[in-house]
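For reference, chains read A, B, C, D, E and F in written order, and residue numbers begin at 1 within each chain.
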């Protein structure tokens, strides 16, 4: 499913109001490698010694000596996309370098990383095959922030991301799909795919003006042809799943 | 106390690590009118129908039919500075227009407003005498956001603001001072004030180069004079409080 | 009528689709002085000698030796707001300096100036009492542009401005109101004014929470009071017009 | 011909005043694939129902039920570069997605696309081999704009583009060359090419400082050698055309 | 002399090539108070311990224990405009706070301050009557920079400022005039002043279109009148100097 | 050595204060090709005819008819990284096009180019195998600037670069390392390399949580293992050098 197909579900269907599920403006680590996974969310805020102190004390009662990025990273499960709100911080907003990125990809089997912040050691990270979306790179270590939440609602650009959202990344940006809408999104994507397939076939004949075929065919005979094609291909796709 | 004096406390004193208490980049409604009050914090996030629905249901069990900006505004107490995280949203990020601003100033007796977002009806608001700090103005009503917290920690620029913080605004920006540091901040501000008073007096004589007097006087005799002046003036100030 | 009141008409009323009538991001010459007038539009484009040559030749057949900013300025009538599309150009995008601004204000009796470009000689212009909205100031003269239209549709920010639009400027920004909507806009503004008047009166009593009164009173008795107040005040206003 | 060679013609030759023929700041779809074609221009402006209604009525008298992007796209001829003024709009400023891009490339045989706006479905478009220059990508469909001109003068960045201009795109940006200057541009580009060829040959010998050879050789003997080389190579090139 | 008048000298007169003498984009402390003085230039660069160490050692041989901003400030003479290159640094780029600003204005009798950087304590500084042009304000002290030159050429925006330049500031920006051009600039400014005076008088009659009078009167009789007016007024002005 | 390893030396080691040695925000010509060399610095400033005239006169007494970019380029030695301060200028800030870039790479055997400015003819340059870091590309020639220094201290972003600095470029940005710190930097980089090697080996086993291994192993047995590994690998590396 591409960002455009996801957009269609949330923004075109009447009565739907999920207008805020898309974020862009990222640097994309491997543009040719699509990202699909389940949101594991992490929230940071600017450090205050008084607040950080209280939180660390509480954590210690649970056996965690100090709250920092690796506390969250250690909890990542296979198939998770780690979604990190670092409020756009670049210097000192580096959620991982190549070692922890390697850990996420190879030990935790994470499905990807989205950070409204930065990463460090781009050179080392670029060799590791896991999708990542970040604002910038910076050589500094993470600093002057405190970990304030794991699997809480976080904000990434104009999106409220909930833990468990389906996260889709393509070269344009990232979509966060509430679990209850995934079935509808997948079905819709199949239809869009088939529509595009048929439309391009028609255009390839060179016999039609764009408006005769797209959005939907004007000629009733062609329309019927399209509808039969859609039905047949949908059946094929569903059988193959 | 000015922003410069507050900065001195947090950033210069050795061992202090409150480096993230200052936010700027605001439009200031009444630059000549300083803001002092206690933080009442409000958090919004981009709307998701699923999350908003759950929160509204919970609110209804407490007799609140729907969560929106006025639910928070109705709770404001005299002396509060309303501190609103609207994540920099301009269109649809207008926390108040002139009616609710009038309410805050005249009915709730609030001490001010800081919004990482916008206000609307600048013309009407400009006639009301309450300090306000905002990113922009926009004629739209607040929209496409959900109220997610009242008196929770919020982020304004690079600051984690806690409810109850002392909020100070001057023409440069806004300082958020943790309550436990207020006494130290006030004492320090007195010293800075007296130091500036004395320094300017010395400069006004026209007898000294800047480095002979400022930061601290080089000549031991002058230094002694300054220390006596400081002691005397501190005593006067404290007596008058 | 303020920007907020105009916005209400275009964006809140169901079935209305005039969503693109507001532009902001201007420097405002006299923020305390509202602008009201009829749009006189002027369009410039980047110079091309071939196009400029053809246009000058045509102009010469109408007795105009050369097309430049003063050709448009000479046509301005009393009550016009001159609306100039200079595509945001700053250096060389200065539609007027103090002499031509003086001409517009005092000889042409223009009602104001809106330029998506710049003006020059801010110091001289600031002494002249005509509203002006511009992106920046620059000391250069207008250059490297060609006059391509007078009283044609122009684009200012996200607005298509038509000659004859009612132009309203307040400290927030500028509204362009199609003539056929002016009556509705004025009527609506009266209602908003009265609503604000009554709302503030209620708030001034200190007896109500904001949500009891605003947007509309919850108590049926108060609601009735408000409706009577509205009726009475509307009658007074209309009589006085 | 590269952007640098085109620049040389317009900006260095004395008496030439075509200073505004270059636009940059685009995302380039296939940086390794140069774009060459004839400008087919399309203009959009922000929607106003009153203006759009009048234009649609006129179009209907010509058998076009509604003016929208496909009306223009259906008119594209082989060899056209579609040049679209969408005033930098990103959300809702998507001139084509992958279906219509496929149509342009494969059915209309267009030579390329330049849009001061966006495209959608980057993933699908990236597989189609036609040059494209755009400001951003966005998953939304085109919306809230009206088609106001086909083959009229349009503005792209700082350039007034005329229908019929020769459009050249390389990885740096896009050049719009008036047809009457194309012959001169091509001749000049040949000379620049030969000059670069000879200059690099000389540098490859390792015998010269840069200033002995470039801009033009200082030594009269070398200068003569260069002039003979230029003459010979020009003759070869022209023969081969 | 206004920025517009200065621009006219450098950019309009044929054969003049002083195209880079104007800088803008400043916050202006007292927009109603023009700045005129002689450039006293100060240069800072980002700190490097190795370089700073060598420079401090050299300074010590001249009796200066440490190079920092007050070394330069102590050298300021009455009538100097202090022109500081802090390469746009905001946090830690605060050349003065209210104490040193007071010193410059009242003890050193400086004519103004231009800093490509920031100042701190805007509130205190705003009470002191000396013109100042700065990029931003920040509560931090100057830090992490080293003083690398006093009365050396410095760059402010797109201008190379030389010590001794005449510095003119008005609400638009700042002009740096080489001393050898001051006489010509002043003479020219007188002519521009008289021209504006006469032009506005003519416009005030309401008898002329703008192009009949401005840039220069079209009617030969009016032109003669203007020339006589210019001659008479120039004589008056020069007599009064 | 990567940017991250260099950062570690300057920013983490206690007592070190080289906080300003890293610059980023460049377009990188060949991201897969690391840059290593010795800084050869060049400084330009905005042209002033009076200053340029004096400097050219002085240069003529040394046999240089005119100061311009090729005077510096002719002095470049094998292994130099040419570091050019063009104060971010894009149009007219093009230090080289493809001819002079070819000269630097093939005749002068330079190790790379860093310019706080632009280059022209990206297409031609992209074929030449020398690392380059620049802000933008532009088709114009260098213009309206004067050469003010060769092998003087220059500022690139937030860094003071000294001639002779070791310049390291990777896909993130550029590091300028003072010669006296190179030995320490290289040693440190070896340790970081070995640490990353060992850390990834441990993670690859899938037996550890990230915090058990990274930053340093928590288990004393593992810590000992790591220390032995480090010792052995350091010995191997140093032997191989």
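Operating definition for what follows: contacts are C-beta pairs under 8 Å (C-beta built on N, C-alpha and C of every residue); 3 or more make two chains touch, one makes a residue touch a chain.
Source: prediction; values computed, not measured.
Engineer: Trace the shortest sequence of touching chains from chain C to chain F and report its length in steps.
Structural biologist: Counted as steps through touching chains, the separation is 2.
Engineer: Which other chains touch chain A while also touching chain B?
Structural biologist: Joint contacts: the list comes back empty.
Engineer: Taking a step as a move to a touching chain, how many steps at least join chain D to chain E?
Structural biologist: Minimum number of steps from chain D to chain E: 2.
Engineer: Can you give the rotation angle that fits chain C onto its twin chain E by Cα atoms, in degrees and rounded to the nearest 5?
Structural biologist: Angle of the fitting rotation, chain C to chain E: 120 degrees.
Engineer: So which of C-E, E-F or D-F is the twin of A-B, meaning more than half of its contact pairs are the same residue numbers?
Structural biologist: Comparing residue numbers across C-E, E-F or D-F, the repeat of A-B turns out to be E-F.
Engineer: Any idea how many Å lie between the Cα centroids of chain C and chain D?
Structural biologist: 36
Engineer: Return the distance between the CA-based centres of chain B and chain D, expressed in whole Å.
Structural biologist: 51
Engineer: If I count partner chains per residue in chain B, which residues reach a count of at least 2?
Structural biologist: In chain B, nothing touches at least two other chains.
Engineer: Among line, ring, star, complete and other, which best matches the way these chains touch?
Structural biologist: Basically it's none of the tidy shapes, so other.
Engineer: Can you identify all of the chain pairs that touch?
Structural biologist: Applying the touch criterion to every chain pair yields A-B, A-D, A-F, B-C, B-E, C-D, C-E, D-F, E-F.
Engineer: Which residues of chain A touch chain D in the complex?
Structural biologist: Spelled out, the residues of chain A in touch with chain D are 2-4, 6-7, 11-12, 22, 24, 170-173, 196, 199-200, 203-204, 206, 208-211, 214.
Engineer: Applying the document's contact rule, which stretches of chain B touch chain A when the two form their complex?
Structural biologist: Contacts found on chain B: 17-21, 45-51, 87, 144, 146, 148, 153, 155, 158-160, 162, 178, 180.
Engineer: Given the complex with chain A, which residues does chain D contribute to the contact?
Structural biologist: Contacts found on chain D: 70-71, 73-74, 97-100, 102-103, 106-108, 120-124, 126, 137-141.
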